[in-house]
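Going in written order, the chains are labelled A, B, C and D, and every chain counts its residues from 1.
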């Protein structure tokens, strides 16, 4: 595993690139933008920049770089996210109250740790640490997506509706009709094969690779569009309890949901959508985004279809990728910063990028799953309850950070991530 | 299906017996005991007695018995539980505020509906209605168990610690050591085969019968005992975050959990347990009871084991039952009203009765699941989120109401039901 | 003080009468009606019957009757209301969870204590105890009013809208116009003169008698009517923030207030009112009832008037009573159980009975106020914050329990008592 | 009124000075420090700087300066605090979510409005506007104090305990013993005499001047010290319900109070205090600070004394000031930024500055009080419920902003202001 990356130069280069991307995401943001926490589920941009740095300091530098001195002893408490094994930590809902250290000091913290990391990566035994460094980089890439999610939520709370980046049109045409793609059933293997020497990085929760029994099914070739969702809204979808899970219906009423999270009614009757590029008329060709599991499930019921299981999704994705192809799509590198209409194609499109796709699968450990040893084992396993799996990546996911086995997960009521839905049906 | 029961006489007899059992459960309870609601999750005894009656009135009598007049038009609003399709209803957390109609009027309501139902069941076309009557009786049996759960919770809120029934010793010996029972893997079929003419009643969520791929595993021969749980408590199980799911650890802290729901510290150091028979010293040989999923999961992690999946549990149960044997155990008919030490035996014991056993399986629809048509289709399907499956039945489950395919479900933090745990491990 | 009552016979007679009245209030109520608690501010009828009994047992019998044995040692914990000095107590919001002891056992408790009290009152030293017995009886009379308030709230939560007693028409004519009654200013004395040998019973918070400086003012001759309040409602009074205190406006919005507590819109457009006699069309001639301080204050602002201070109210009441006259009005003994149109008269009418009248005065201790020594000193003083004074008594107040110095008090958002308003203005 | 100030030059100078002071308070604060809101009761520094500017724009410039164009039309919504008459506003608890406009843009807003205001003040009719300008400046001075209160709270939430300004020792000696100062009773006049041509500015709630009847009393010569409060803490004051109002005791338990708001236990046993100058050992000679009304009241009861009424306080203050003396003390200009030990003196000391002193008086309108006409009439009157009056000013109050008639008010549970207590007793 990681044979190439572990070469000192390769890994150091990758370290530099990933770290630089985080800093680039903050360009154009004021210190004010970076310090505020808009809800307990979100964190300040500044906190993300510091926490990802804390990961390297805590798990790589302190134990492995002789003579390394932490930048500031208080940061261990301030920037631990949820690792119980590493000690006490600042409560999550209070992250936004820490105005000091500020943005400038966090930048200095990053520089300090980056320099030490590059020293560490040049040492003879760096290869031994490559898996943990790679985990740290994957962790940072997750936080890059969180930065954009959290920032969008923050800006959505501002009556002046700020834009993070200027709007730039996509060159995609209108949404195509789409079609049903049949996939065979049978015993299939899913999950990342770490033990078997699986290629590339994967989180612990993506394995062990194991066999499941699938029934033949069909998956729709593209994600559900805003236009299709609008029909659901206009058909009273948010007012009909028969379409909803009981917990979902309670949420609809408690939260007053009547559309996806960032849809807003315009002064005229039309719907508008708040995005990282400001508020714009709803793009009916783009995939619907910022919906919760409850909504995805209700929509599927309304449409007479269902959500795919994660095994179905992964199996279908495997047929797209074939061997050796990299998963690509509208991810962070496109610079679009929003989902856009699917490209035309004969088969499955839009499987990677644009929007994370809710599956019918509750998030739990695969057969034989064991968390990694030590504190980093708190990474994924302890969240295996009450959440649902999403697959595929989104327009805010870093480019190399999507793969067929990737298991993202959120609570069924959450909507601030770039989440959408693709329909399935029994064959 | 229901070939025997559908014979008018058989079904009418069964109707009489089930209805009589509900009334028997209320014997010895004062009107005061029957009207109070101790928490939003629980309902008054009186409400259960009326709601089960409302089911027959609404779904059987009103549409099928010519000339039938509802006992009281207001009851449709008061005693609907959650059937959106049938109209508005009194909010669940306010069920305990309805002091009128009182216990006596509810008894008259039951008599009125019972008489009409027996008239209906004598009609020539009764066989056509047999499935729905049988569903109504299964529904009433569920509420019989709820009556006991809810009453236990109510009495647990009373500083004088009332006993529902006098304590009667069980004749079982001490807990035996137990052993691991190996079960083969492979493609197995699980679920109730309604379409294939499966024998006996089952709820819609128990089907369709379908194949799953199992890996070989071992199941422990009996449930975890109070004595074993005590070791977990004394080892600091409730204070060690490494053992808990993240949501579980938050619950432990928010609720101040340090033992199962009805354990209490005695004046000396020993633990005591509040039961339907009053408060008694903890019976270390009996299965642990009144634990949530989070606790079951944490215990299994502490023990180095895991929870079985529901498919594993059902497959193992099938090996116990063989063909044609009825599932039996310490259920309501034993009169013990509490879980007791397992009987000795070479194989799996205590699979049915004593305590519902938490599984690792999130509650969701089986492949191809479709709710029943009409309002009764709201029965099980709309709860398929955020809950976990329990199997096997408990000491408060009516005797005929346990079977290998039965899927009970509760939220992971809930503990007022008679819930315990049996461990599994990979083979 | 209490010269007459303290004669053993007189006090024993009064004891019997007051105690009998409490029991009479419960006639016609089922055990179900008597056990339920409809909100944290209210208590079950059964609890009131037991708590007033506990008062005599705790403060009179246990310390003073040799050989007295408490009826049940658990009752000290169950039926203490808020006396910290007497020990731990069952939490107020959980009073409704105690189904045992039930109504019958509470009745036996009352009999047991009554018998012992009569024994005590026949002893030679009974005169010494007369003040405390009289306090206990005044305390019980307060709870008689609470029983009716709490019961009305409970029944208001029931969709079937039960009536406590049958409706009986009042013989009063329509509301008269009313007029402004001028009262002189100057230095006046207010409060009960315990130290100076003031006649009759008064609570500790009614003294010391002290001088205040009043400016001339006018008080309206009768209470505000439902008809006048309706004009306020129809003028958008509940939708205009300019009329409300800031905390009041927040309450209006949080609670969705759009009329007094028990007003309900009828099927046609007319307003109806839920009362102890069931639901009836709004009586526009009767005083408005079940309004909070915030509403009274907003109404006065809308009307261009103000609320009287308690010193103004008491001074005006003194002019009504002259010397030696007893305050009378539509109190409990009328049996009307609701406020009714004021009798005609040249001067102030309706000062006593019908509805408690909100004053502008925050509830605090008079100059020189000291609570009574011992546990009974917790009676009134510790509530002297955040509440407002009401004066005059209501249709649910026992007949002898009204007087010019009486200071009732409630939080400004509370509405379940029989509370109304009378306007004042500067002269 | 305002005869001197209304001269254009004088008022413009004062405008410049007050506005400059606000800006000076923000010196040394990062943009991060200025944008965050630490609790619903507090506001971001940036918001205060903008809101005080909005006041001048909305009430002075827009209606009075021909051709004035608002700096940004969105600011009317963003920076209205609670003036219902002026239109909708951003919800108070969400002020901290507005990261744009940022600190720099708010500074530009201030410059824009200041320039226009100075233009306005040079116009011939400026004298007409003087009362409203003066109100705006008094309003801004209130927000200067709020800036320091809110900042202290924000920094108290930061585990690194930042200091706003460097610590500078006070030169005062130890606390002196103090003594009781007797004040005569009788009919006295209190309140600001606007109608009678009272000198200097006062808020509407300080009048009308009116007579009250006082009984002779004694006031302690200085405020209660930290050392005296420590004795209360160590005597179990926070654990003894007999000392507390009922609502206060509920707050003590709900909030876990065991000392004033910013007291912290040191690593050794000693108490420390968090201040605007960082965390320091408790200064036992300084007045106790950051206590709520409930605590002040409980302390007085423990000490066998009581709180003064506001009329008593104001009358006593009048004896200090005599005619023509300005009230002075440890206010903002001292630069100490914390209460310090009282200066020695024969009579009352520390009446102005150091800490606001809780009185026994619930906050309500004086006899004949009428709010000012128009939107600014929402200034004080609508808060006249549920709060208590404090008198005297504190170490964060701008120097000219204290006077004997000043009525500050807070809810009895609030503690983030610089609030202390001075004892009184009956003569």
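Keep this in mind: a residue touches a chain if its C-beta (ideal position, glycine included) is under 8 Å from a C-beta of that chain, and two chains touch if they have at least 3 such contacts.
A quick note: this is a predicted structure, and the numbers were derived from the prediction, not measured.
Farthest from subunit D in terms of Cα centroid separation is B.
More inter-chain C-beta contacts link the pair A-D than the other of A-D and A-B. Separation between the centroids of subunit A and subunit C, computed from CA atoms only, is 60 Å.
Between the CA-based centres of subunit A and subunit D the separation comes to 47 Å, rounded to the whole angstrom.
Annotation: 38 Å between the Cα-based centres of subunit A and subunit B. Annotation for subunit D: no residues touch 2 or more other chains.
Interface residues of subunit C facing subunit D in the complex, by the touch rule stated above, are 82, 84-85, 187, 210-213, 215, 241-242, 244-249, 293-294, 297, 360, 362, 364, 367-368, 382-386, 412, 426. The part of subunit C that touches subunit B in the complex is made up of residues 30-36, 38, 46, 74, 77-78, 90, 94, 96-103, 154, 157-160, 162.
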